[in-house]
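Structures incoming, each one as structure tokens.
Look for chain A in each of the two complexes below; its partner is chain B in the first and chain C in the second.
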Partner chain A sequence: MTTTHDIVRLHVNGDLREVGVPTHYTLLETLRYILGLTGSKQGCDKGDCGACTVVVDGRPTLSCITPVWEAVGTEVITVEGLASADGPHPLQDEFDLNGAAQCGFCTPGILCSASALLERTRAPSREEIKDALAGNLCRCTGYTKIYDAVEAAARRLSADDASADAATEGGASTGGASPVETDREPGGV
Partner chain B sequence: MSEPRKSKSEQKLIGTPMRKVEGLSKSTGRATYTDDIALPGMLHGKILRSPHPHARIVSIDASAAEALEGVHAVITGEDMPTCYGIIPWTPDEYPLCLDRVRYVGDGVAAVAAVDEDTAIRALDLIDVDYEVLHAFLDPHEAAEADGSTAYIHEPKKEGWNGNVTKMVHLEFGEVDDLMDMSDVVVEGDYLFEGTTHAPIEPHCAIGQWDGVGRLTVWSATQVPHYLHRELARVLGLDQAQVRVLQPLVGGAFGGKSEPFDLEFCVGKLAMLTGRPVKILYTREEVFYSHRGRHPFHMTYRTGATSEGKLTSVDAKILLDGGAYASFGLVTTYYSGQLLCAPYEMPAYRFDSKRVYTNKPACGPKRGHGSVQPRFAFEIQLDKLAERLGIDPIEFRRRNFIGENTRTVNELRVTSNGFLECLDAVQRASGWDEKFRTMPFGRGIGVAGSTYISGTNYPIYPNEMPQSAVQMQIDRSGRVAVFSGASEIGQGCDSVVAYIAAEELGVPLEWVRVLRGDTDFTPVDLGAYSSRVTFMLGNAAIDAAKKLKALVQKAVAAAWEVKPAEVLLADGFAVWAPDTSRQMPIAEAFNLAEAEFGTLGSTGWYNTPKDVHGEYRGGTIGASPAYSFTAHVAEVDVDVETGIVDVKKIWVAHDCGRALNPILVEGQMEGSAYMGFGEALMEEQLFKDADHGRAGLHNAPSLLDYRIPTSLDTPELESLIVESIDPEGPYGAKEAGEGPLHPSIPAIANAIYDAIGVRMDRLPFSPPHVWRAVEASRDQGSLGKPEGPRTLASPPDVEAEPVHAD
Partner chain C sequence: MLRLPPFRYHRPSSLAEALELKGEHRSEAMYVAGGTDLVPNMKHRLFEPAHLVALKGLPELRGIEERDGSLRIGAAETLTDVAKNKAVLEGFPALAAAAGHVAGPQLRNSGTLGGNVCLDTRCTYYNQTAFWREALGFCLKKDGDVCHVTKVGKKCVAAHSADTPPVLMTLDAELVLAGPEEIRSVPVRDFFVADGIVNNQRLPDEIVTEIRIPLSSVGRRQAYTKLRQRKSIDFPLLTVAIAADMDASGRVRSIEGVVTGLGSRPRLLTGWSEIAEGHALDDEVVEELAERAHKQCHPLENIIVDPEWRRAMVPVYVKRALAQLRAA
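Coming up: the complex of A and B.
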């Protein structure tokens, strides 16, 4: 069998990638099979579960029902792109601290939906969090710990924003993220 | 009220919130699941499935598929003609059907091809000729079959009904006499439609054959050891030739606790092609592979005295098993055996029959075999309490079975924190102000339950340990734990790490857990029956204490003090009488290594074997410890639409000891969530011939088989109760399954409190509720029920539950 391929240029996690992709591939297949970004999960492959959620131009997007060509010319962020050289994204850290990832299979998608939410607002209400995650099924947690983690991350991000503002206003620079209060003292790393 | 609990202050880490060892790898996308693995030259497999619920396979012609470019192999039942089954006494299935298909979705052939698309094309080219047989979809019809149409399986004995898997009849005490002497007797018929697990990760497996005799299989399984054994047996290999690797598992809930067709197929296809082969189920295949909660048709009679003491319980249950036995023998026993706590029952009888039907096989789902009877029984209790005018929490207290006792079916109960659970939910929910007093449409209900912390007897009879770990410490201060336990999200890899860090005094991040590989980890039987924390935890303590003793001895010799005075904590060895005397833990490990040689130990756990009754089946349900749970649910019911809105569930659970309270709460919330879904939304239904093609799944997608989203799920509040079990690791018992049970009857009882309508069939979806409301309206019984004459006693102020924060 021969499959036709297209050359596509994709911006994924800040990198420009130029790859040959079977024309019928979805964004999820391209991420997982061509780019080796297996963090995004396939739970249903038909738009029902949210495990494949990535952020496309700031919007949570189901990559399993997005043809890859639709992602051309956009900025795609996957779970692998949330962390920086300084360490995990506060959401990622708080998911661990709060036990928000049990089996972890829904987690990459939920983190993408949640990160898009926290880019829109740093102080989401619990109702807003529920709305933002309504397309991401989690079969393990009952969602409670996930809400806790998103709220804790939101607090950390707004504390970071505040200290960044203080720094730009000429106040004493903290030289990066300030130490912040978290809800829980973990016993280890 | 109860004995003072043992001190919990001896441990430093245990009992505190800690990270999970694989937590950050999961939240950063680094964690590897089976489908994330791609091997060089890997082929993709697909399974051809039966379109008929019951048919004979007349012939299979795969020549066109074999001839398709890109196809490397096609196999059928003939290629693996060995019968298997998870329970050694009831083998009745083949990896691919030999001559008969028994449900829509039964596998008949498999292909391996260069890619998934080619494999799918090849399936279309396989020609199967079927002779369609009468399909049994209704369990009552299956139970009454007379052999005039083909049974689903061969009768076990000449003249028997081949549609019957198992019958259990057990009776304890004078059931009929005590029933007759009861002041009140309530009766009820209950229907629990089946539900399925729906883990977000679909089943996936990869096989690799090395060409000269070694087979490696990666699988999203929760029972690598049983898979290892069955793969060897079915594929005609020695167990020593087979290696099972278990990457992280993306949820299971009982749905991955026996071998599935794809695991045998990837093994066989890899052996035939010499290439690695992967099969990933589609979501539809996950629904059809099922092995989920059995539909139960139940009838209960329950008696009590006018003082509110239970007298006698009589149950009759028909289990709809689907096409194969799976765990059904155990399910049939569990349907009765696990009901005998937390309440004292002077007499109890159950009569359970499991039949085959031409639908996907049922098996174990979280709370195996005991969630369904618990639903019925806790409603029975609610009815009794009402008839007697006693508050239902009070009624449950009066029947508390107690600690260190035996149930009527002779199971040994040790620690028991059920009363504290009742106290906790009564207090937290504001029960006393709400029960029978809120306006029509708003209600509150209570239910209790118990569950096993593992089973005392393994699935195949043997005397060997049920769980084991190997532990190794090295010169850097690092601890390596080799664990064969199945991490399915519940946190068992973290549990062994917490224990190693606690006992050996190293920071948690210095503990490495090496896992999921039958080549280098000792055997653990798997993640089922809530056995892991109890058994693995004890094994890990055993291994760690052996190493600790050597380190203490070596340091004590160097310091010329007593070994018992050497503490290992926070990365140091410390002299207890004068804590300024200390050395870094790595130095202490080096001293021990110099003294005793390279440091490794094994630890293991085996269950007590003398704690059950001496009757046939008496071992089934026997557990080293039982957990206890109480829930209160608060609901709003709209009688015009039948919509039930669950506002909140308070979940109090006696987990013995919370090794990490965050993980325990996670299990409690996840359980209550899953119970809520079963109560309100979920139903694994199949079409009959009048409504489409017989045996077709009604809704094999995550959109149509509705599991609760964030918008559906009620507020959940976890209240941890610690009874400190005498045999559990640091006192711990299970938390993963028990807390599911009461969700469903607590919601049913809350609906009754709201509108005076009993919900005796699941789910409490708008059509069912609306119909029940209309029936009550016709009978004139719709309305707020009367309040109890005897109120609940106030909760015990001593027993405050634990909160993680």
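Coming up: the complex of A and C.
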């Protein structure tokens, strides 16, 4: 059978993208080779390793085995969509500060799985973190620093939530700065 | 990288439309729900349909609710949703456990209960790339005429590797299948056949629309255990599901055990009622049940883990499941 093309409309990282794509492309191929979003990695390419994980409608999803048409009508968030205008996502900061990435190949997928977890709960237990990341293989770190980083990001996000609540209630505001003390600057190794 | 073969993708909005599309494209078309089994298989060129008919958007295949004395689970409900559903957790905890143990979180977010029930069988010589399989001259299940597992056999022995069917069997669940002509229901325990090439009775045009579990099974004590290499993501090397009715004094009224991960279909363990019925599940009875299970299971080298070890694990996992059952 010859390749045919379709026009698909995708919501990716908050933008509506309308692109021509071979009908049989996966979501991952569309992200990487049509939209130029190469953060999501093509690892095993058959649903085993989790490096291609993106968040579809709030749920971590393997983009390498998701036909692109299944993403139409959903909200897709890739690792490129985690940072905001204010700076990196707390998970990204904490991965840096905790040394949670070594070769970095699994990191985008893990950040996506972890960000979906932290959207569901701001206070995940160590077990919940392990379960949430069970489908993301990392061959470098041994996971400990990854779990540490997710825990640290969770603490920061819940502290941010608390200060945002306090601000809306007219209480003392920390002015958006993270109230969690750290003796290391982001970016320092 | 593994590219998919070219195909057209159809997203029907009703069951009737899905059946019609399949009727139009016949053997050129396949149904796809979560795609977690079919898409990797297509990447391995085990299937090369020119048309895919997507089932996930069909409203007829959604919802989990009590209806006519059964818990009705739409076949396109994801394994994540089944594992977390309150009615499933309360009434059928072994099903929630089995659904929650399939693969890893991302695969459960896409994969569906209907898809798990219809999971293709797996084998060391089958779940490989076309290049790999060609180098070995292909196999009985796909493109060839030799079985590399048994060497001489003319019957495919690929392993049934789905987590939920054994539990569904012990709960007397049935499947509803919608075809172009009729809608029929089949007890899960009759659904599977001992042929690794196609190991179930679903006709190519039929769609599994729902799974029904009788509410009369709610009171049963249930247990589920799974052996796998990595507890985070793997297919089962062995799965044991047990359900039992006990009287107030703790004596077994009826008991059923099903194992899978070994042969081409789940195996209902025989001889258990004679051992256990009318008795308490004491250590002696547990030992006998485990021994009877061990005698019946003879795994082959169809998956890349030592069959002798898998066989030795049968009584171990039966005993663990019975311990769960006693504590339930």
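Here, the second predicted complex is superposed on the first by the 172 of 189 C-alpha atoms of A that agree within 3 Å, B and C clash if a C-alpha of one lies under 4 Å from a C-alpha of the other, contacts with A are read in each partner's own complex, and residues count from 1 in each chain.
One rule holds for everything that comes next: a contact is a pair of C-beta atoms (placed from the backbone, for glycine too) under 8 Å apart; a residue touches a chain by one contact, two chains touch by 3 or more.
Here the structure is a predicted model, which means the values were calculated and not measured.
A.B. asks: For A:Q42 in the superposed arrangement: first (chain B), second (chain C), both or neither?
C.D. replies: Both partners, chain B and chain C.
A.B. asks: Comparing chain C with chain B, which touches more residues belonging to chain A?
C.D. replies: Residues of chain A touched, chain B against chain C: more for B.
A.B. asks: Considering only the touch criterion stated at the top, classify A:T3 as touching first (chain B), second (chain C), both, or neither.
C.D. replies: both
A.B. asks: Give one of first, second, both or neither to describe whether A:R139 is in contact with chain B, with chain C, with both, or with none.
C.D. replies: first
A.B. asks: May I ask you to decide whether A:T61 touches chain B, chain C, both, or neither, giving the answer as first, second, both or neither?
C.D. replies: In the superposition, A:T61 touches chain C alone.
A.B. asks: Could you say whether A:D131 touches chain B, chain C, both of them, or neither, answering first, second, both or neither?
C.D. replies: After superposition on chain A, A:D131 lies in contact with both partners, chain B and chain C.
A.B. asks: State which residues of chain A lie in both footprints, the one left by chain B and the one left by chain C.
C.D. replies: The overlap between the chain B and chain C interfaces on chain A comprises residues 1, 3, 42, 45-48, 131, 134-136.
A.B. asks: Which positions of chain A touch chain C when the two form their complex?
C.D. replies: These residues of chain A touch chain C: 1-4, 6, 22-26, 42, 45-48, 50, 53, 56, 59-62, 65-67, 69-70, 72, 113, 131-132, 134-136.
A.B. asks: Over in the complex, which chain B residues touch chain A? Could you list them?
C.D. replies: The contact residues of chain B facing chain A are 13, 16-20, 22-24, 26-33, 35-36, 38, 69-70, 114-115, 117-118, 121, 197-202, 248-253, 280, 282-283, 488-491, 501, 507-509, 662-663, 665-666, 669-674, 701-703, 707, 709-711, 713, 715-716, 718, 804-805.
A.B. asks: Residues of chain C touching chain A in their complex?
C.D. replies: My answer: residues 1-2, 4-9, 11, 32, 35-36, 39-40, 43-44, 50, 52, 54, 56, 80, 103-107, 109-110, 232-233.
A.B. asks: Sort out for me which residues of chain A touch chain B in the complex.
C.D. replies: Chain A reaches chain B through residues 1, 3, 32-33, 37-49, 51, 78-80, 82-83, 88, 91-93, 95-108, 111, 129-131, 133-146, 183-189.
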